[in-house]
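In the two complexes below, subunit A is the common chain; its partner is subunit B in one and subunit C in the other.
This part shows the complex of A and B:
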């Protein structure tokens, strides 16, 4: 999966109209809340078969941190 | 005081850990014999029960005939305590239908197949036989992320009432127990996933605190026993007041 494809998956998971960019602060994204974080956990499990904790997601400050979680699984 | 007879066989699924294991231990403690079913043999060996190692969700279509084989091998079965199940926290928006069906396969269809096998008069021990399904208080309380899991347990509870009505003429009772949050191997994993304050936070949601498997096993044994001889078709909440 490419980074752009992952960003699109995250955008859809957040049910957001506007695109998201890596440099965006999560706090600035209206749709980002605890349910969105839970959704992302499920999404990563389904897409990459990796299980993250809410604590790990909670440490993310920017969209780039969410992308970095899956490291080399995106190109 | 509930007492079981040594010649009475009780089949317990999910017997390698958590609530299932506590129920199996309690039945043995009260004098009954247990056919302990799980995927992990090493955990079953410590129980002092007859062990049957099987992945229930992989053999759903064969489970009813498997019950008949078990009865031939170990003798007729007096009761079922069906505790095997899986919980997945998946928000609605992230629901994958294929995975959702897999959860239903174990939580609902495997139990349905076992119940079907048990209602065969060549399998059950006749009048006084009983089934107890381990459901969840999620079947009656909405919680974010548990849409499909709650539905699978709700399906079980509804089936319990219909089965009870259908099997009453044969003297077979059918009930379910709806636990709240119980500390088990499975929930310990959630604790490590959700951070250090997870159990503390869960504890606050339960007026009597979160539960232990031993707090469910007594209720399950009561429902399996003749002491509950006039109780059928009931979904009994045992959750420390968590669903109040």
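This part shows the complex of A and C:
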């Protein structure tokens, strides 16, 4: 999966109308809340069969941190 | 690993009763921060829509009582022939004494030759209850065990805690487990991980933290949710992680132990925690979604211990009433506790979910 595809998956998971970019602060994203974090756990589980903890997601500050979680699984 | 097979016991019928007040999440947007977009996400991701909640005067025991009366009447079983009753609930009539099964024993008019006790378990409780009932029948202790399983979790949720309030619905169920002339093997596996006990908890009200003026103070947390120490708290992320860590291996375990393949099983009925947990587990197991009902949460909410029997009544009523179906049941949640069961339901008494009437109270 490419980085752009992952960003699109995250955008859809958040049910967001506008695109998201890697340099965006999570706090600045209106839809980012605890439900969004849960949704992301579920999404990563489905896409990559990796289960992160809420603490790991909670440490992320920017969209790029969310992408970095899955490391070399995105290109 | 705790795994066991019991012979000579069968499920004769299952009845589910929900209370009369229907709530729609769309009518409650004001409770959850007036954010319609967030409500839309809750509906879509968690699969929530409608649920039924009981009024102040109706308890879990009342719902289970009505379910039991419908069940025994439907099966034409004499109340005097019941020689065992188990009540599985986390919302009893009394928190310490007496045990609620005693109250139900009196209200149902059960015989003095009927044993009765409570079990405090939540989302794994229906499968644990089946294990107890099958053990009691298979060992020869009892001939007819009435298993009552239910919760009125809405009573312990703070209305402004959107992590729990829109999620939990109320229901009471009754199942009859009887001696079977056939071998009819039923398989169980049971687990506990008590290190997760603090992730689903009502902190105050027991002997560890008695109720006081302090425990009833409302606190608004960083996430905008409001509750007191006397309300249910749930850490959704930790519960999700627990489920994804433990459920897939537990499912493999029950398939191996029972010697059944996914092809031989008609349905896997998971505890209906929410839609996305079931979807994720099914995907992990390569289980087709038409074998894993996941829509009951949308119609009734998360019914805690009652969700597996409610799903059987909600989705499989016709099929298990008129034919023989091989099921795997999987309950998981508070404790943490999880259990699975491979069981056959052969032309049982199983009406669709019933609305509470309260005529017998």
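We adopt the following convention: the second predicted complex is superposed on the first by the 75 of 75 C-alpha atoms of A that agree within 3 Å, B and C clash if a C-alpha of one lies under 4 Å from a C-alpha of the other, contacts with A are read in each partner's own complex, and residues count from 1 in each chain.
Methods note: a residue touches a chain if its C-beta (ideal position, glycine included) is under 8 Å from a C-beta of that chain, and two chains touch if they have at least 3 such contacts.
Model, not experiment: these values are computed from the prediction.
*Asks:* So, does A:31 touch the first partner subunit B, the second partner subunit C, both, or neither?
*Replies:* second
*Asks:* If you stack the two complexes on chain A, which partner ends up touching A:1: first (subunit B), second (subunit C), both, or neither?
*Replies:* A:1 sits against neither subunit B nor subunit C.
*Asks:* Should A:68 be classified as contacting the first partner (subunit B), the second (subunit C), both, or neither?
*Replies:* neither
*Asks:* Given the touch rule stated above, what does A:39 touch, subunit B (first), subunit C (second), both, or neither?
*Replies:* A:39 contacts both subunit B and subunit C.
*Asks:* Compare subunit B and subunit C by how many residues of subunit A each one touches, and report the one with more.
*Replies:* Of subunit B and subunit C, C contacts more residues of subunit A.
*Asks:* Look at A:21 in the shared chain and tell me whether it touches subunit B only, subunit C only, both, or neither; answer first, second, both or neither.
*Replies:* In the superposed model, A:21 contacts neither subunit B nor subunit C.
*Asks:* Could you tell me if A:49 is touching subunit B, subunit C, both of them or neither one (first, second, both, neither)?
*Replies:* In the superposed model, A:49 contacts subunit C only, not subunit B.
*Asks:* Which residues of subunit A are in contact with subunit B in one complex and with subunit C in the other?
*Replies:* 13, 15, 35, 38-39, 41-42, 46, 51, 53-54
*Asks:* Which residues of subunit B touch subunit A in their complex?
*Replies:* Contact set of subunit B toward subunit A: 89-91, 93-94, 96, 99, 144-145, 192-195.
*Asks:* If we count contacts the way the header does, which residues on subunit A are in touch with subunit C in the complex?
*Replies:* The contact residues of subunit A facing subunit C are 13-15, 30-31, 33-39, 41-42, 45-46, 49, 51, 53-54, 57.
*Asks:* So in the complex, the part of subunit A that touches subunit B is made up of which residues?
*Replies:* Spelled out, the residues of subunit A in touch with subunit B are 13, 15, 35, 38-39, 41-43, 46, 51, 53-55, 58.
*Asks:* Tell me, which parts of subunit C touch subunit A in their complex?
*Replies:* The touching residues are 37-38, 40-42, 44-46, 163, 223, 235-238, 240-241, 244-245, 276-277, 279-280, 283-284.
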